[in-house]
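Below, each structure is written out as structure tokens.
Both of the next two complexes hold subunit A, though its partner changes from subunit B to subunit C.
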Partner chain A sequence: MELTAPRSQLAAAVLAVPGFVVLLALAGDAIGTSVERTIIVFLISLTAIAAMGLYSGNSGILSFGHLSFMGIGAYAAALLTLPAQIKGATLPALPEWLAVIELGLLPATLTAVILTMTVAGLVGLAIWRLDGSAATISTLALLIITHGILIGWRDVTRGAQTFFGVPRDTTIWVAAAGCVISLVVARLYRDSACGLRLRAGRENAIAAAAIGISVPRERFIAFVLSAGLMALSGALIAHFLGAFSPKKFYFTDTFFLLAMLIVGGMTTVTGAVLGAVVVTLLTELLRRLEGGLDLGFVEIPQVFGTTQIGIGMLILLALMRRPEGLAGLREWEEWLIPPRRTAVDPKPLSPAESDPLDAISLTKRFGGVVATEEVSVTVTPGEIVGLIGPNGSGKTTLLNQLSGVLRPSEGAITKGGKDLVHLPPHKFVDAGIARTFQNIRLFPTLSVYQNVQAAALATKGGRDAGARVAAALERLGLSGVTETMAGNLSYGDQRRVEIARALVCQPSLIFLDEPAAGMNREETDALMEILRKLNSDLGIGILLVDHDLGLINALCHRIIVLNEGKLIAEGSPEEVRRNPAVIEAYLGTSKKETR
Partner chain B sequence: MKHILIATTALSIAALDAQADELKLGLATAQTGGLAPYDAPVVEGIRIAVDEINAAGGIGGKIMIEMTEKDVRSDTAQTSISVQELVDAGSEAIVLPCDADPSIAAAAIVASAQIPAISTCASSPTLPLIGGDYVFANFPGDNVQATVSASWAFEQGMKTVFILYSPDSQYTTMPLYFADVMKSLGGEVLGEATYNIGQPDFSAIATQIAALDPAPDVVMTSAYEPDFPTFIKALRAAGYEGQVIGSDGIDSPTTFGLGDAAEGVVFSTAGHATEGSPLEGFNTLYEETTGSKSETVFNAVGYDLVKVLEAAVVAAGSTEPQAIRDAMANLEDVQGATSLITYKGTTGMPVRQVSLVRVKSGERELVGQPSPRADLIPAPRMQ
Partner chain C sequence: MDLILQQTVNALALGGTYALLALGLAVVFSIMGLINFAHGELMTIAGYVLMYCGLAGIPFAVSVPLAVLAPMLAAMAMERVAFRPVRNASGATMLVTSFAVAMILQVLFQNLISARSQPVILPDALSQSVTIGGLIIGVNKLFAILATIVMLIALELFMKKQKHGIAMRAAAEDFAIARLMGIRANTVISAAFALSGLLAGVAAVLWVSQRASVDPLMGFTPVLKAFIAAILGGLGSLRGAVAGGFVLGFIEVFLAAFLPSAWQEFREPIGLSLVVLILILRPNGLIPAATLQAQKV
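The block that comes next holds the complex of A and B.
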């Protein structure tokens, strides 16, 4: 498995998990009784929270539906371990094979996990394309539907009645083992190739697609994986309680677990642990206070409900003071341990292949507005083409069509004879097309290294990713800031990270949308030098949109001019400068002046 | 962090402080969450009874009742933790929530600690069966209520019945017990229909009942709000004019506010305050203590629970948990606020009087408080 975090940090993170959990379990085992029970419930909750964070944290989609999978896991595992004699008495309508089966906790849990992941796969197929709030609402629907099925499928679940007689096999060590599995899987996933690609999609879906990431596919993987861990937590709670009903896996517990996750911070495993610890400690403290106490000098009256109010206030406070959660956006080891990556020799980027990109008669309408009208352009690897025009002339719309962000209303785009118009956005990069954006679209909470690495892992099958990243960073002069969070860089540096991210895809064409915007003269000159070298060393074609006509004239072999969505001129910088239509477009009509 | 731990430890130790010659009663009930509407009034009744007993010098004039209360937040996992805490703290008897889930989850803990536990108001007769020797119920069982109302109907000459039940919960299957009793008395079940809890429309079922020829003498259901009001309106609108029998789930102001639709409906419930009855006495005591009228019979049910416990401790002559359990299992005719209560010969589900109440002009009218014939009571149904 390709891991994307610095090895020094990840090793510490993964080793700390069993350390923490085993210490806790030892304490619980030693103290025994109710403390042991509290710790078991804590460990099971943490198992679930880590799973919820795996999906919601990395994808950015808050899921209300994950307790469905906990429920499915609980019922499935319990049905397999329930003694046949009890099944005979309480579930007479069970199919024969299920009625006689009596497994141990481990095989039952494994079966439940696999079954739940299959269910999650089917659900995922239905909802994987949904974004943002639509995705969240669909998880809410999932929770309600699953609850309905658990109640309605009486022959198997006893409906709304208590499902009881489940062997109480979840000891503190079993819960600890489940918790370690969940935390380690969640932590490794976060810094796996899949996890990094999904986090990139969370940070900026359009940019992620532009570097070849299929965000829905990554979401699907995380969804199924987290469902498996939820099933694990479900099997654990079922065999801890011994009796439960569908309402255990509904809104109340959903909000309780989400509260822990939100307080701690959704995006990290550290956050999941911290949230669970803080909420559990607060609950235990308030729970003891609310029963009323005589401290000798002062008597605290009994006020039930303090616990819920306390947790509610904690969430409010956390959201106001630390909207990202107590742990923030980084894992504990990312704060504490200096990142050290194994140095990889940069691999010289291979020269670009030479198929030209042909766009024929591209028309794009937004309602009644025609943004580009029958624009035909060709860009060939090896040349630098400037695309200019007044504001609102359709430059960015044209670029978006050529890079797959927008689909043309009419017209054709081919590269080397291959039709591109009907490809999804994340497939354009496979055709050798990479780009940057007018408003910088980095993955701001990922490091510079990870920004570029996400692109490397999503293209060329992830081959030689480390060497390609090193080469791209070196070429753009970013080797010194690899571990800085991309969002914290200066404007000019952010532009260069964006170019490095495009370059690491090894494109034959790079589209740059106003790369020099916000840069000072020196930075612009340095950028020009970098672009020239890309062009001369690697034969990469560059399509450049910019308002800096000095830059355009100095750099471009050829210039295309758009005005009001139409192509009005094309030629060498010299030709275009003298073209009357261009002068008119930029300076206004001479007719008006002469009138 | 360290401070919090020290603080909680100190508080726990303070809470453990104990005296001699007392009964340690642990309450693990839902004071918040979905079960609170049932558990909270019962616990109110428990407090009143405990205060009354302690004010009189304790059980038998010497054993004070020391209560420890825990809120389980209507959560099963929290119930199992809280009950374990109560066991750790040396409780000699424990009160469990009204619902079967948490009570069953806690049953294993009280069984291994050999401490008797009573559910506040669970009415499913399967609870003590599943829960084992140490779990008792404190409410008329569903099968007992059904026996009382079916016997009454049969005596009134109603011999044919239609039942409406929902398999969604144990409680809403009470009409199945009613049908069993009717059949063993020699009556006839003309038909049955099922519904889902929260079902918005009952007109199809109502039409089905109204179209029966001959019409059933009685329609029995244990549906409660919002299903019962919807159903009874649809049933009367469809033209059925016979007797409708309900259960304690509709013993609420809503039913008495339904007007013509509910007129004449008879339902079974835990108690009815006739003049000079113990329940009237309790209601007076409640008003004196709290300053407001008791709005639900669940207050009195809590009082009953403590009276049972008191009787068990007196009979056992000790506060040793095993002795209390054994004594409780053999209690006969304990006078509670709502009824005489007997555990002897049962599996932990008390035999209690059940009151039959008729809705008359928006007021409650007592039909009777018959004791059920033991041989008629159907065996608890596990499914």
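The block that comes next holds the complex of A and C.
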């Protein structure tokens, strides 16, 4: 497994987890019953929260449905460990093979985890394409559906009645082991290649697709993995409580666990731990107050619901102060330990292959508006082509079609004889096409290094990712700012990170949408030099949209002019400058008026 | 045939209530991206106002406007106290904030009023029924359908003609630009909450007039359904919210009426599976919000 965080930080993070959990377990073991119970519940909750964070934090999709996986895991594991005698008495209609089975906790948990991951896989296959609020609502529906099935399937689950007699095998050490597994898996996943790709998709789905990431696929992986960990927490809680009903895996607990996760900070494992600690401590404190309290000199009366109100207030206050959660956007070790990456020698980027991109008669309609009308262009690796035209002439729409972000209404796009029109957006980069965006689309909360690395890991099968990243950063002069959060860079630097991210994909063609916008003269000149070198050293073809005609004239071998969605001129800079149609489009002098 | 017509009336009554609630959620969501789970507590507040008015012997014609006014004020207060400080945070943060508000209000209702369900005194006329063309229709159902129609027409006019309505539509399309055009953020958001409170109030009156009781958790289930309806229709799209509300109402009523009795236990899972199926076919909802289509690359 490829890990993407600096070794120094990740090692500390992974070692700290068992340290923290074992200390807690020791404390619980030593102090005794009531504290021990609290700590066991805490550890199991944390197992679940880390799993929820693994999916929701990295994908950015809030899931209400994860408690269904906890429920499935709990019932599945409990059915396997329940003594056959009790099964005979409480579940007479159980199928024969299930009625006689009697496993230990470990094999039962493993079976439950695998079963739950299979179920999650099937659910994921149905909903993996859904985005944003549709995805969230599907998980909400999943919660209600699972609850309905648990209640309705009386022969197996005893319906709404309590399912009891489960051996209480979850000791504090068993809970601790489950918690360590969940936290370590969640932490490693976050900085695995998969996790980084998913986080890139969370930050900007369109840009992620443009560098070859299939966001739905990454979501699916995280969904199934987190479902497995939820099943683990379910098996633990079932064997801790000994008796439970479907209500345990419904809204109340969902809200409670989500509140912990979001108060702590959804995007980090640190946040999951912090949220669980703060909410658990406060709950315990308030629960003591709720029963009334005699301080010797003054007696506080019993107030029903103190706990809920207190938790509610805590959530409000915490989120007003820290909307991103207590831990913010970074893990503790990312704050404390300076990142040290093992230096990798940059691998000289290989020259581009030379298949030209042919677009024939591209038409794109938005409702009644025709944004591009029968535009045919060819871009060949090795040349620099300028694409100009007045505002609203369809430049960006054309670029979006050529790079797969938009699918043309009509027309064909081929590269080296291969049809591209029907490919999904994330496949275009495999055909050697990379791009930047007019409104910068970086992954703002990832470091510069990770922005480029995400692209390297998603292309060319992730081969030589480290060396390619080093080479791309060096070429764009970004080696000094690798660990800065991309969103904190200056405008010009952000544009250069975008180009580095496109370059690391080793494209044969790069499309740049207004790369010099917002840059001063020196920065623009430096950029021109970089682009010239990409072209002459590596033979990469560049399609450049910009309003800076000085830049276009100085850099381009050939210029294409669009006006009102139609191609009105094409040729060398000199030819285009003299073309009457171009002059008319830009200056608006029609023959009638001059007459 | 009669049965189908009869159930259609039931579906219209239930779907109309869902539609009003979903509209309330959508009005707020379209402007500030908040899915307000405390919307249900606005309903509960309206329910309690009806209850107290009934106990005090206030005529129904007076208690209804009061029951609609109270959640409007409560919604504006909620916005001012809880949601304004997290206005620019992520959707998840705002959502959890609204859970917290809902939880606090529920505990307050339990402590200050009663944890048990309380009867609401309603005019006798509501529990009678009329016969129209061979169909026996409960007056409360008829009342619900008529009220829904009136509300939808009034809302359409408000959004098309009235200054605040136009400002809200502008803010929903592009909040930043709307502010540059001189629309005040606080005013328009406050107005959106007032409108959502009004819709919750009307929905609560319709809900209570079918059940004649109110409890601290009264709003939870209908608002959960409305949340599903709003997303089914296309979150942030007002027409979508109405369509989603009616579609969900029809799915529920017709499954309850026509599903074989052995399957009735699984009615809710089946209904929601249908919703998810529709979402898989139309991921942005039945009538997607305009802002989704206008997204620039």
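In this text, the second predicted complex is superposed on the first by the 591 of 595 C-alpha atoms of A that agree within 3 Å, B and C clash if a C-alpha of one lies under 4 Å from a C-alpha of the other, contacts with A are read in each partner's own complex, and residues count from 1 in each chain.
What we mean here is this: contacts are C-beta pairs under 8 Å (C-beta built on N, C-alpha and C of every residue); 3 or more make two chains touch, one makes a residue touch a chain.
Just so it is clear, the model here is predicted, and its values are computed rather than measured.
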Partners on subunit A (subunit B, subunit C) - clash or fit: fit
Partner chain(s) touched by A:Thr33 [first = subunit B, second = subunit C, both, neither]: first
Subunit B versus subunit C as contact partner of A:Gln308, first or second or both or neither: both
Partner chain in contact with A:Glu290 - subunit B first, subunit C second, else both or neither: first
Partner chain(s) touched by A:Ser572 [first = subunit B, second = subunit C, both, neither]: neither
First, second, both or neither for A:Ser376, with subunit B first and subunit C second: neither
Partner chain(s) touched by A:Ile151 [first = subunit B, second = subunit C, both, neither]: both
Subunit C versus subunit B - closest C-alpha approach in the superposed model, Å: 5
Footprint overlap on subunit A, where subunit B in one structure and subunit C in the other make contact: 151, 304-305, 308
For the subunit C and subunit A complex, residues of the former touching the latter: 35, 82, 85-86, 88-93, 95-97, 99-101, 103-104, 106-108, 110-111, 224, 227-228, 231-232, 235, 265-269, 272-273, 275-276, 279-280, 283-285, 293, 296-297
Residue numbers on subunit A that touch subunit C, as the complex places them: 56, 62, 126-127, 129-131, 133-134, 136-138, 140-142, 144-146, 148-149, 151-152, 206, 255, 258-259, 262-263, 266, 303-305, 308-309, 311-313, 315-316, 319-320, 323-325, 366, 396, 400, 405-406, 437-439
Parts of subunit B lying in touch with subunit A, wherever the complex brings them together: 1, 4, 7-8, 11-12, 14-15, 31-34, 68-71, 73-78, 80-82, 84-85, 87-88, 100-101, 104-105, 107-108, 130, 167-170, 197, 382-383
Touching residues (chain side subunit A, partner subunit B) in the complex: 33-34, 37-38, 41, 89-92, 151, 154, 158-162, 164-165, 168, 237, 240-245, 247-248, 252-253, 281, 284-285, 287-296, 302, 304-305, 307-308
